[in-house]
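The structure under discussion appears below in the form of structure tokens.
As written, the chains take the letters A, B, C, D, E and F, and residue 1 is the first residue of each chain.
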Amino acid sequence: MNRLDAFEAYRKKMNHRILEEKNHLGTKRFFNLDTAAYRAGALSTETKELLGLVASLVLRCNDCIDYHLIQCIEAGFSDEELDEAMHIGLVVGGSIVIPHLRHAVETIDMLRAREESAE
Amino acid sequence: MNRLDAFEAYRKKMNHRILEEKNHLGTKRFFNLDTAAYRAGALSTETKELLGLVASLVLRCNDCIDYHLIQCIEAGFSDEELDEAMHIGLVVGGSIVIPHLRHAVETIDMLRAREESAE
Amino acid sequence: MNRLDAFEAYRKKMNHRILEEKNHLGTKRFFNLDTAAYRAGALSTETKELLGLVASLVLRCNDCIDYHLIQCIEAGFSDEELDEAMHIGLVVGGSIVIPHLRHAVETIDMLRAREESAE
Amino acid sequence: MNRLDAFEAYRKKMNHRILEEKNHLGTKRFFNLDTAAYRAGALSTETKELLGLVASLVLRCNDCIDYHLIQCIEAGFSDEELDEAMHIGLVVGGSIVIPHLRHAVETIDMLRAREESAE
Amino acid sequence: MNRLDAFEAYRKKMNHRILEEKNHLGTKRFFNLDTAAYRAGALSTETKELLGLVASLVLRCNDCIDYHLIQCIEAGFSDEELDEAMHIGLVVGGSIVIPHLRHAVETIDMLRAREESAE
Amino acid sequence: MNRLDAFEAYRKKMNHRILEEKNHLGTKRFFNLDTAAYRAGALSTETKELLGLVASLVLRCNDCIDYHLIQCIEAGFSDEELDEAMHIGLVVGGSIVIPHLRHAVETIDMLRAREESAE
């Protein structure tokens, strides 16, 4: 199991634990609010996912970066578009972002490989 | 002089001090790189400014928020679009972002008032 | 008008602007969720406000510190209790928290003076 | 060895290295100050550990979360109490905290399992 | 009174309030530990103040930046040396640091003017 | 392969991917600017690497800490000097830095062991 598969399995398992078993009303509402924030409205879902990606990059959270990259690639962004968005994250957040940029680039490569093997 | 005018005057004065008088080559290059990151490429300048806005919001920097809001409104974003982008910043960054959301909303109102008085 | 009065007036004005005039559904829900998080449940409101205070201190947000100090003093915490909570914020967050500790101590003094003048 | 056992073994080994072998006076004093901050005074140790937990959550440090969860569960907090404290961390810190919430929930489950196997 | 004088007066007043009047033992120890950290040892006080400056810059705390700049200029650093140290803070911390770089450059100019008027 | 060797191999592989294959001009320039910032000028490379180390510590990035420790040890810093620099990072950044201090101390030990085995 590669690290992306492991992340997705862990995310699914723990979200189930938090949302179905723990069942804390406020936390469920927070998760719903989080999901709803990326739905199309005045801005498209595509643009919103890109906002989520750059926010995750400057806040330096690898799991959040991976989650938004999965959505961004599903939304159809090209590597060139993702590179430019991530470059903004790098410039805003500085060299401390570089390890997360490396992680993000590897994730994109893994997601492209997954796309190809699914064809 | 309102706070936006004061910010812009201070920003201009100190950028001149840093870029023209201090003349540190690396810092000049950093500023150029920062400017270049928002130029249209695979992504439009509009999308990039929105990325800069949300990054500034989650990193909680009022001056950066104001700078990107000026660009975003010049780029033609509607209040509804900006509200949705800022909502993503709020959800990603949490309630600690609220004081900066208040600041941002006030800045938008000031920029709209400036637009109207310029007509 | 002292800085606490100014903060409360600004907070009220901008919250009205955001929640009543802007009327972005997701953002209203976020504010409601934020309010609900501090309601008594398995933990008391008192304990929760103290958690909000220390979170605000380590994240270094003066407006959030002031807001939670207002709630904490209304909840009846003594200066000794607040000093111990803030000390934890200082130790966890380091000397970078010191300017916010100064701000917080001044806010407590202002709130105590307000209590006295109200008697 | 599960990840909690590994964390505790590593923490013990490296603290010994730092405090006994390196023997930097200032750093030893910092560790002592850190320990002392959680001792009962005007506030109980229980409340202080909860403050440490929420501070660790909003600052997004998994090792610190695990450390304070160990203390919180030893202090006798119920899952419901911990869920409410962590919910405040989630609301204050935003969706960027979610991966750390997943980690924290898993840690609580591991600590409960350890309690049961110790009976 | 310029902003540097105001900062120093406020800092002095609130430190007196915290250390002499409040008299929280742990917090006093923290302040002592903080002071001691910059004393000459294996590294010179000069180098340590520069470390404090860059740490303050990447953590984006204007009061901390001002405090360490006062020490750095007293320690005899030239503008060129400070510019290079701050450039590292800019590159590590990214464009979000720029407003604090502007503040720092203005502080240096104010401190140089104070030096001149003292001659 | 120990964790330092793994980090260096991953860093090299991903930097090649980013700089040679992706070839995003802005990102290449950022990396060049980052490298240039640590070159000797008004301040020595040694001092600059120490600034990079402390910045990495307070921003709590293990990969960045490891990178700068490799440079610092190559630059000839003694353990005592590194301990004092890291102590400043600990005091500025607080107890949330402790897990990264443990990591840093282990990295130093690994780098010293590597030096010895190379002799």
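Please note the rule applied: a contact is a pair of C-beta atoms (placed from the backbone, for glycine too) under 8 Å apart; a residue touches a chain by one contact, two chains touch by 3 or more.
Here the structure is a predicted model, which means the values were calculated and not measured.
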Would you kindly say which chain has the C-alpha centre located farthest from the C-alpha centre of chain B?
D
In terms of mean CA position, the chain most removed from chain A is E
Name the pair in B-E, B-F or A-B that forms the same interface as D-F; by residue number, over half of the contact pairs must coincide.
B-E
Between chain A and chain E, centroid-to-centroid distance (C-alpha), Å
38
Quick one: chain C and chain E, Cα centre-to-centre, how many Å?
27
Just give me the whole-number Å value for how far the CA centre of chain D lies from that of chain E.
32
What residues in chain C touch two or more of the other chains?
26, 30, 33-34, 37, 55-56, 58-59, 64, 83-84, 87, 90-93, 95-96
Taking the complex as given, what residues does chain D use to touch chain F?
10-11, 14-15, 17-18, 22, 24, 26-27, 30-31, 34, 55-56, 59, 61, 63-64
Contact residues on chain E for chain A in the complex?
58, 90-97
Any idea which chain B residues touch chain C in the complex?
60, 79, 83-84, 86-87, 90-91, 95-96, 98-99, 101-102, 105-106, 109
The chain E residues in contact with chain F across the complex are 33-34, 37-38, 41-43, 47-48, 50-52, 54-56, 58-59, 64, 78, 80-81, 83-85, 87-89, 91-93
Within the complex, which stretch of chain F touches chain B?
26, 29-30, 33, 36-37
